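Several structures are given next for inspection.
Two complexes, one shared chain (chain A), two partners (chain B, chain C).
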Partner chain A sequence: MYKRRIMKDRLFTLAVSVLGLLALAPLFHIIYTVTVRGVPAILEAGPSFFTEPPAPPGSERLGGIAPALLGSFWLALISTMLGIPLAFLVGLFLYEFKESRLARLVRVFTMSLLEIPTILVGMLVYTIVVIPLGGFSVAAGAIALAIVMLPYVATYVERALDSVPATYREAALGLGLSRARTSLIIAGIARRGVLAGFLIGFAKAIGETAPLLFTVGSARNSLNPSPFEPGDAVPLLVFQFIATPYENWIKLAWGAAFVLTVTVLTVFIALRVVVREVRL
Partner chain B sequence: MAQKRPAEARSDKLFYYALIPFASTAFLIILLTLFVLTAKGLPALEFYGLKVLTSTRWLPNEFDPEKAVYGLLPAIAGTLVTAIIAVVIALPLSLSLTVLVEELAPSRVRDILSSLVDVMAGMPTIVYGVWGIGFLAPILAPIYSGLQSTLGSLPLFSCEPTGGFSILTAGLLLAIMIIPFIFAVVKEAYRAIPATYREAALSLGMTRYEYTRLLMGMIKPAIIAGVLLGFGRAASETVAVALVVGNAFNLPLCIIGPGITVSSLIANQFGEANLYPLMQNVLYLGGLVLLVLGLASNFLGILMLTRVRVRV
Partner chain C sequence: MEKAVTELKPPLEVQIRELRVKLEGREILKGVSLSAKPGAVTAVMGPSGSGKSTLLKTINRLIEYYPGVEVEGDVVVGGVSAFEMDPYLLRRYVAMVFQTPNPFPHLTIYDNVALGPRIHGLAKSKKELDEIVRWALEKAMLWDEVKDRLNDYPSKLSGGQQQRLSLARALALRPPVLLLDEPTANIDPVNTKKIEEAIIGLAREEGTTVLIVTHTPQQAARISDYIAVLYEGRLVEWGPTKEVVLRPRHEITRAYLKGEI
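Up next is the complex of A and B:
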């Protein structure tokens, strides 16, 4: 009897370890695949990968992804400028008035926003921004991205504020400071956690594809810097090039996917550095 | 001092009211999405009747909406089947990962594993998509051919595989993508179990297998919540699925053949749908189905999570 229990335990430990590691294995293979297919493509294109628009389909040349890079830069900038302050205030509200009934409702809706398919956010912005304005634009894409990042950043900010020991809050209130002042002081103490939330929002703005499908307009050849003109984005280019029959476009898609992966991994390493020191 | 208090309270009230417009944005966005999808989707339902939800054919017509046939059933069924496959595969993997991280790994390794899961959750979905199209689908193609030639008499494997692009490939890719989300929900509940239970179980001489099973049983609502939230995630994923599912208007009866999901249908057709009368409205209706599915699984998931907090 005893032996059977030990055997069962050993088997369980083995199975759980194997399955657990199997769950993580795809991550390594994904990074490996994107690297071995993306780096040669970038090397083949040379410096023009970062300075030129894509070459015509089926051409011998690759060209580059410059308009997509520029578009992603603008999208990240505008969407974080819109989304992060908004999300910060939502997080502040959730933290400061957490005992109120309204805050509980706000939390449910913010969590529900996480589950709304991002392609529907694209449809929404297409209907209420793109059509009234008469065309695709980088600004419309940025609005869609700001909506997508809102729940991630807000919940992260709330958690960061919540992790500050209550004594600080009590001390600030005890000094007679208003709740607005107090919560800003708490946000100052939790600044690294709050910053981590902002970085999550930035990573979302860089990597999301579906909200951009019907909003930015895939203007793949223009280096137009105006946010009210159609533009392109790196993930959008990857999505629309990878499934084409043109070899040079497929290579560009792999190269762009590599750039995207490196960017997001860099954000995550920054996040790790920022958050490690936040433990209070 | 006593006189100053009302003034302070007033500034606090002001702070509260000043934040409300920002706090309600999530609510307004959901409401607006629901409104837009309903307002634009209903004309399709009015014109085509329930047939638009039950038909399996998709025959657009540029000039006459009467001659066009739009059926969302293959897409809705495809969304459900791919998401169910994803959850069934992801659940045992996520639970194993939880036990591995929480019970087996030494504390330093635990940190590394946790941040790897974070990276998995944060990796752009399009990167999963290119991996699916560049690696997963090609290696599955010969396996599907083998399945068809050996088990072809079963309806599940009876169709001609097309280069690894299939319902099953989409389900597998989704499984990988939702592991971090199920893991996060289950891990949080597992950690919240008071240490006394663990100590009591171990003091009774339980083996690790026995007491892990006991603790997992205690957080069953959280596991169900993880499944529901993971299902919602899988049902709403767009670009990665659109790249590997094959995009053919088939009912997902044979899982090794190409199919379609609601989100991949929208991704592929919405851009040019305004060229066809009423096609855009049909797609808005599909979006409404997707929204209701997402909100329902989220709501049930949150409900389950509140039950964990009561029980543990």
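Up next is the complex of A and C:
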């Protein structure tokens, strides 16, 4: 009887471990493939990988992904500058007026935003920004990304604030602080969780492709420094180049995928460190 | 409507009149009348769930942040109804210390104490603020232990020191009324003694009106001038400490003081 239980326990542990490894397999496969194909491509292109636009299709040379890097830089900067403060305020509002009817409505709205395919966000921005302004721009893409990151960051911020014990809130209110000041104190206490939310938003903004399809304009050869002109983005370049028949562009796509993977992994590792250090 | 009360003149007597408080339909306080005098310590006692914390949190209107709250009756502070005052102003005069030590972990010792005076604009200069911080820490019997490390974070302090820091943070407002909700429940005897001395000092030297919720009859006997006993939302006994301890009028008080309920 006793032995059977031990056997069962071991079998279960084994099954769970195997399934766990299986779940991790795609991640390792991605990292492995992207590294094995991306690193040689970057080495072949040399430093120009980071400084030049792509070479013409079918050419012997690779060129680089400089316009995409520049575009992604602008996208990350503008979308976080727009999206994070707004999301922070939404998170504060949801925390502060938790039970109010408006907060419930906003929560339902942000949750549905979380579920909407991001390509629809791209189409929305196409209709309300790109068409009225008369053309694609990096800034329009950044607006789409800001909308995409909003629910993630807001939810994270709200949860971080919620995790602060109620006694601190009462202490702040008990000192005669207004509700606004009180929630800023709570945000200060939960600052690591809030920061984690910001990083999630940043990682989202860096990696999303679909919202950019109808917004930034895939201006792949332009090193125009203005974010109000059409531009490119790293994930967009990966998506479009990998589907071409040109060997040099496919190599560029793998190199760009490697850059993207490293960036996103760095953000997530930073996130783990931040979250682990949460202490009250 | 809140009237334009902008200032109260200490000392402030607290008068609780026929106070009824419901939380989500459940009646917690069932008509309590009681007053607390300046310069005296009033101990509020009673078994768990008798409404002690609710009573304190109604005095500074923190209760209003609880879901489904209904308040009837009145709390009069220095002659003015608390419910006719701006609650943020009210809390400048009626400060509170809680059961769990709760100094803000992301602010330094100095900034914790300075927060209240800064928000309410009580100091005109850095020097004046320094003096308020020092005064509050001295009154909370913590100054000697932290004067050389005011820029440390509270996590470096012991639990008892953190509770005295919470007390100092409340005192920095120079509140004429001080509410304490079982401030020594989680604190060791040495720190408890310091906190008790601080409380007595405030009542005697500053004329502060002190209301303290406590579970230990010994503590009430040590520091209070008056004892009020709540039982199931009603005031069953209220009088000078000696009388209540030596000759409790009510059976419930007797049982409570003996530790039977």
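The criterion applied here is as follows: the second predicted complex is superposed on the first by the 264 of 280 C-alpha atoms of A that agree within 3 Å, B and C clash if a C-alpha of one lies under 4 Å from a C-alpha of the other, contacts with A are read in each partner's own complex, and residues count from 1 in each chain.
To be clear about the criterion, a residue touches a chain if its C-beta (ideal position, glycine included) is under 8 Å from a C-beta of that chain, and two chains touch if they have at least 3 such contacts.
Everything numeric in this text was worked out from a predicted model, so none of it was measured.
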Notebook entry, point to check: So, does A:Arg191 touch the first partner chain B, the second partner chain C, both, or neither?
Noted result: second
Note to self: In the overlaid three-chain picture, which partner chain does A:Val273 touch, first (chain B) or second (chain C), both, or neither?
What the structure shows: neither
Next item on the list: Could you figure out whether chain B or chain C reaches more residues of chain A?
Entry: B
Margin query: Per the contact definition in the header, classify A:Gly176: touching chain B only (first), chain C only (second), both, or neither.
Written below: both
Margin query: With both complexes overlaid on chain A, does A:Met81 touch chain B (first), chain C (second), both or neither?
Written below: neither
Next item on the list: Go through the superposed model and pick first if A:Glu208 touches only chain B, second if only chain C, both, or neither.
Entry: first
Item checked: chain B versus chain C as contact partner of A:Leu133, first or second or both or neither -> neither
Next item on the list: Applying the touch criterion given at the start, work out whether A:Val36 contacts chain B, chain C, both or neither, answering first, second, both or neither.
Entry: neither
Notebook entry, point to check: Which positions of chain A sit in both the chain B and the chain C interface?
Noted result: 176, 178
Next item on the list: In the complex, go through chain A and note every residue touching chain B.
Entry: 5-6, 8-9, 12-13, 15-24, 26-27, 29-30, 33-34, 37, 86, 89-90, 92-94, 96-97, 100, 102-103, 105-106, 108-121, 123-124, 126-128, 147, 150-151, 154, 176, 178-180, 200, 203, 206-210, 213-214, 235, 238-239, 242-243, 253-254, 257, 260-261, 264-265, 267-268, 272
Item checked: In the complex, chain A residues that touch chain C -> 99, 165, 167-178, 181, 185, 188-189, 191, 279-280
Checklist line | chain C residues touching chain A - in the complex, by the definition given at the top | finding: 60, 62, 65, 67, 88-92, 95-96, 98-100, 102, 104-107, 115-116, 119-120, 155, 166, 169-170, 173
Next item on the list: Can you check the complex and tell me which residues of chain B touch chain A?
Entry: 4, 8, 11-12, 15-16, 19-20, 22-27, 29-30, 32-33, 36-37, 40, 92-94, 96-97, 99-101, 104, 113, 115-120, 122-131, 133-135, 176, 179, 183, 207-210, 212, 229, 232-233, 235-239, 242-243, 263, 266-267, 270-271, 283-284, 287, 290-291, 294-295, 297-299, 302
